[in-house]
Amino acid sequence: MGGYGDVKLLNDDGTRLDGRKVDEMRSVEIKAGILPNADGSAWVKHGLNVAICAVYGPVEAHPRKIQRQDRAVIDVRYNMAPFSTSDRIRPGYNRRSREISKVTAEALESVVLVERFPRSKISVEIEILAAEAGTRCAGITAASVALADAGIPMRDLIVGVASGKIEDTVVLDLDKAEDNYGQADLPVGILPTTGDLAFLQMDGDLSPDEFNLCMEYNQKAAKEIHEVMIKALKEKYEEGA
Amino acid sequence: MGGYGDVKLLNDDGTRLDGRKVDEMRSVEIKAGILPNADGSAWVKHGLNVAICAVYGPVEAHPRKIQRQDRAVIDVRYNMAPFSTSDRIRPGYNRRSREISKVTAEALESVVLVERFPRSKISVEIEILAAEAGTRCAGITAASVALADAGIPMRDLIVGVASGKIEDTVVLDLDKAEDNYGQADLPVGILPTTGDLAFLQMDGDLSPDEFNLCMEYNQKAAKEIHEVMIKALKEKYEEGA
Amino acid sequence: MGGYGDVKLLNDDGTRLDGRKVDEMRSVEIKAGILPNADGSAWVKHGLNVAICAVYGPVEAHPRKIQRQDRAVIDVRYNMAPFSTSDRIRPGYNRRSREISKVTAEALESVVLVERFPRSKISVEIEILAAEAGTRCAGITAASVALADAGIPMRDLIVGVASGKIEDTVVLDLDKAEDNYGQADLPVGILPTTGDLAFLQMDGDLSPDEFNLCMEYNQKAAKEIHEVMIKALKEKYEEGA
Amino acid sequence: MVELVPQLLRQELADLAAMGKRRDGRSQWESRHIELEVDCLYNADGSAKVTWGDTIVYAGVKFEIRQPWPDRPSEGSLMCGAELRPIAGKKYEPGPPSPESIELGRVVDRGIRESGCIDLGSLCVIPGESVYGVMVDIHVVSDSGNIFDASALAAIAALRTTIVPASKFDTGEDHPLKITKTPIMCSFTRVGGRFVMDANADEELGGDERIHITLGDDGHLHSLQKGLKGVFSPAEFAEILEVSQNQCDVLRKMVESAGGN
Amino acid sequence: MVELVPQLLRQELADLAAMGKRRDGRSQWESRHIELEVDCLYNADGSAKVTWGDTIVYAGVKFEIRQPWPDRPSEGSLMCGAELRPIAGKKYEPGPPSPESIELGRVVDRGIRESGCIDLGSLCVIPGESVYGVMVDIHVVSDSGNIFDASALAAIAALRTTIVPASKFDTGEDHPLKITKTPIMCSFTRVGGRFVMDANADEELGGDERIHITLGDDGHLHSLQKGLKGVFSPAEFAEILEVSQNQCDVLRKMVESAGGN
Amino acid sequence: MVELVPQLLRQELADLAAMGKRRDGRSQWESRHIELEVDCLYNADGSAKVTWGDTIVYAGVKFEIRQPWPDRPSEGSLMCGAELRPIAGKKYEPGPPSPESIELGRVVDRGIRESGCIDLGSLCVIPGESVYGVMVDIHVVSDSGNIFDASALAAIAALRTTIVPASKFDTGEDHPLKITKTPIMCSFTRVGGRFVMDANADEELGGDERIHITLGDDGHLHSLQKGLKGVFSPAEFAEILEVSQNQCDVLRKMVESAGGN
């Protein structure tokens, strides 16, 4: 977190610079099945973030040394397109994208019924086309929808969502300015059916009470986004039928 | 192409700075069988360019995933030595050398009877020791002679040759200055027996008519270079006998 | 060698800046068996240098193409920690560490009874935690002790030790200043039982006579260090008993 | 690797070719349906999405400030690159740039660069000190054949809608990038023995060599490239060069009507 | 790869958990024995060695002089990185940084950075011209479980004993690095179905997800990370957050009594 | 990998050694035929080609202008590197620099550097601002044994014919690079139990350790390196050091008569 307190992020009426209330999230649009080649795919627009995701598999994992006898491995690549950020980023992975790929894969492994596909691999390709704070959450949401679109059995979907703190106030779903100049960010991956978490990161400064309020906001938003996810999948299947 | 029209490249009598006529190529010298370790090899001096090429194989291709059941794979590495250019270039491949390696391999696959050697690999190592415009053509010529020297059956040889445009005039076989300050370059790989093309690149600006004249020059030069190639191979075999 | 003669390295009484005599080595401390996970390990403090070494194996070598039918391969990695030097060095190998790893592996292969372990691999991980001239020698000494600690049969231990030349005077065991401003350095790996050499490098300027004196000093020092090595191994085994 | 499918496919494509047909019903010189959307990516200074049959390609333009090359003190630079990441299809693997992606980027780059559509002198900020570098990144997200033409179209369409973000660099006010020409690429693949325009995925799988032609507004050639195994005759080339003139005109109109600078 | 051992181990760990036991006799919220040694590496500007059960981690601090970032002209920088080299255990292979080592470095980095323990403004030498870069390198030489907590402890302990080598850079006299806070990481692993503190190697091999919590002096959260396969409930998290408060206080006292700036 | 051939070869070489013979009829301290050609590469500022039996090596020298190291403001730099690319023989594979190529480059580099044959002070252009960097690139195009001696010979011969391309950098007129000494490398390989000079490919395949000795004009040692598996006694070293003195004199005369600065 930047934590630069001298940038004003809240209006006098308590609303945020873009007019949202503290517990209001940015608009979310989702489409399933947007990539002809993939076994499953999704497009997520969360605020100004755009993430697309393709799922390929399950196929036999190779080389053989990556195979697991009792389950599928999930291979996630989270990648930011060079033109997705304010300053162009060089193509290829960096330390940040490798870390996000790792923890995203581990989150998805927690809900996919990987034991149904021994010795196989499921590839999840997340591409960020536009970034405006919150891309890892948009990527998790997109990956869940794409896996469902691919017909891969899951215990539950995972909804990616974040809350944080700006000007000592807990707010839901930080945008770019709030992320740059705010005090904390808590992105999570929530299983909407149970409220359990499969993904958790946080940086900044939060008291235990502030943390609890963040989580409350996140749980509420997860339900809203979950509805949009379900709607996208339904539209796809009705179209296909 | 540099395309910097303010550098004079033609003399008043219509000849070029080095005295050549517009349809005259630089001198070409070729030797076959110059590398003791290789299964076939060649040395080509084209103008001031020097290319050497070693061919190893066919041998069983490994790792097995690069094998093709019905044919040999041709693995070409085109590489410029660090001291081959005006400014030293760092050892190792760059984007340019990778592209040239790819299209050169594809050209050679078009004439080598690859179907005679299923599951095998033929390695073609092209090293540019001195560069003065036209190295990819010198490399193709060298590779053809080295393959023949290795006794690998081919439909035809490939002759590497280029024409281009300087001061709005089509000329054969651009040298360094003409390449730097000229308007177009059209390097091709010609099968001398049929006149067919196995290699084609071009950049710059050519009208369709200018293109046709370039090709005419190229076809003519290909025949001349072909004779030098045949002579080099004959000399090698007479020596060996 | 820096070879900058204008830095004074000898006192008027013929002693060196740190008070040592020309044929006096720095203090050496050794401990065996310091790493719980390794099959064998050692810690060597030679002057201010600190090297630790872990040995893993012998285990089946893989991938299979690195296997040798008639012997074990010894895989050495000599690595300097980023904080081990005056200026931080970037993590990862450089040309210097790759060369030292290679010749160290070859020295160890000369004494380990590799023919007893066909198709297997012995990994020797040398980590330099603090560097003050002489790390490759400290690494060889540590590796020998760690191999012995792992119970791997050896013809003999190897003792790493160096002599060199400063102010036209041959001296034993150069420290950092002497290495930076001296005239020659001759690091060797000596088999204490026979006096044979398994490791040899040298750079700088030495007449044949100076070379002979360096070797005399090295042989003498090797005996001293050997005693410390034996003591460390005994202590470990008595502890273990 | 056993390649049974391509062998059967090659036979089928040859049989169709003998009857003058293609697998998806198109004629020899007929392209698939093409959709072009511009200015579609937040954060990109210029952008385009091309949907070409089932092939989908994005292009995004970004600027940087850099020092000029010593021998070109008053010129900025243009660089096109392409990524073929695993999202684009089953055959793509992660790893360093493949020869295929390098070739794609370089062929698109040459076509745009050699057309002279961008005056590099107009990218100078302070001669000898600072110039703009223009980076066009091509991102193929679905490869169902003919990614070269789709990429070249996306690149020039993105450039034509690019706003130079001068205010971000304190080098003036934002303004449209000046693009004076519209180079267009048209590619042909040998399928069943003869060349066809705009091969789809099946035709590429069961086909042979490709020829990529980039033409300028005046019908001049700016870039040529032959890829993959195969040879062709001068007469064959003459025919496809002729055909490409028409197709490039059609696509150029599509780009120009998509709006832009 | 057949993973028979982990399956048998998982069963054993589950049986033990059902009885409220752990394999090495510890209770659920009990850590192994920890030893902390500081200022132990010649050439490092600050250093620490942590022996945590059979896990051994070194951390070393080095400085460099560099130009400040354009948008932060008066601030130096802090960077933590971790290496997991083959010396640390049989499972580690040589090669480029693994996702595991990147995650370790970044999670430790965030905890220290976000705690605000270092005033980056104090690392400025000449505003807009030169600042100090502080590099904390973590070197795991023996991994027997819970390298995250050991690494974070070594890193903050090394920083607290760091001397800024100003004389080496001609930027003043050597002086202690000012560290105003002591962030501490406490990690939990699901073993046999429930979370335990400070999992050892066996518990990690036969366990599930991990949660890493970094707390500041005032008990505020500065960094969280969940790794590996598994889900957890908000109630489970509330419990371990509570537990971590006590453990962090214990470790903070250990760091503070080890001496330092 | 089954290594039957080396085992049979080792036996044959041992049998020959017992009779004081070598496979190609040479005596123990006899080198193969050597040809040296200088100034043979267009674009290189200095160049040499060494044909040493069936081993062929090129060396090329290039200059660059760079900033001096802060602690050596008035000195240029010298760097030798070697490439062992697949053209050199069946056993060489493409990829990043191998340990073998790194060792080759560094051993040649040390011999030349430590001989003091180049006065690095003479490579200063403007003290503290710009100096010449001299890069010697060694390119082994055929390895039939003893590439170390061939590479060292090519490197010093190339340097001795080098013209400093000052006009290209606007730093003066082109002039010969001043080389005051002629360091020569002589290598020995244990074959059939005893050392021989100038091992060929078979002798390397069926032999053991190598020792590389670089001597200066005055017979002083400038660089030593022992490579590969094997040990040797001080007495053995004394003998080959003696032998190398003669051989280095012979090669030094060859270099000096090839012409140069």
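Letters A, B, C, D, E and F mark the chains in the order given here, with residues in each chain numbered from 1 onward.
One rule holds for everything that comes next: contacts are C-beta pairs under 8 Å (C-beta built on N, C-alpha and C of every residue); 3 or more make two chains touch, one makes a residue touch a chain.
This one's a predicted model, so the numbers in the text were calculated from it and none came from an experiment.
K.L.:
Going chain by chain, each one touching the next, work out the least steps from chain B to chain F.
P.N.:
The least step count works out to 1.
K.L.:
In this assembly, which chains make contact with chain C and also with chain E?
P.N.:
none
K.L.:
Counting a repeat as over half of the contact pairs in common, which of B-D, C-F or C-E repeats B-F?
P.N.:
Checked against B-F: the matching pair is C-E.
K.L.:
Can you check how far apart chain A and chain E are, centre to centre, with Cα atoms defining each centre and the answer in Å?
P.N.:
Going by mean C-alpha positions, chain A sits 26 Å from chain E.
K.L.:
Just how far, in Å, is the C-alpha centre of chain E from the one of chain B?
P.N.:
Each chain reduced to its C-alpha mean, chain B and chain E end up 57 Å apart.
K.L.:
Return the distance between the CA-based centres of chain D and chain E, expressed in whole Å.
P.N.:
Chain D and chain E have C-alpha centres separated by 48 Å.
K.L.:
Spell out, as numbers or ranges, the residues of chain F touching 2 or more other chains.
P.N.:
Residues 97 of chain F each touch two or more of the other chains.
K.L.:
By residue number and range, which residues of chain B touch two or more other chains?
P.N.:
none
K.L.:
Quick one: do these chains touch in a line, a ring, a star, all-to-all (complete), or other?
P.N.:
Contact map by chain: ring.
K.L.:
Follow the ring of contacts from chain C, passing to chain F on the first step, and record the chains in turn.
P.N.:
Moving from chain C on to chain F and continuing, the chains are C, F, B, D, A, E.
K.L.:
Within their complex, state which residues of chain B touch chain D.
P.N.:
Those in contact with chain D are residues 1, 3, 65, 67-70, 95-96, 98-99, 101-103, 106-107, 109-111, 186, 191, 194-208, 211, 215, 219.
K.L.:
Any idea which chain D residues touch chain A in the complex?
P.N.:
On the chain D side, the touching residues are 41-44, 47, 54, 56, 58, 60-64, 81, 83, 85-90, 94, 96-97, 135, 137, 139, 141-144, 168.
K.L.:
Over in the complex, which chain D residues touch chain B? Could you list them?
P.N.:
Within the complex, chain D touches chain B at residues 1-3, 97, 99-100, 102-103, 105-106, 110, 113-114, 116, 209, 211, 216, 218-234, 237, 241.
K.L.:
Spell out the residues on chain C that touch chain E in their complex, using ranges where they run on.
P.N.:
Against chain E, the touching part of chain C is residues 35-38, 48, 50, 52-54, 56, 77, 79, 81-88, 91-92, 123, 125, 127, 129-132.
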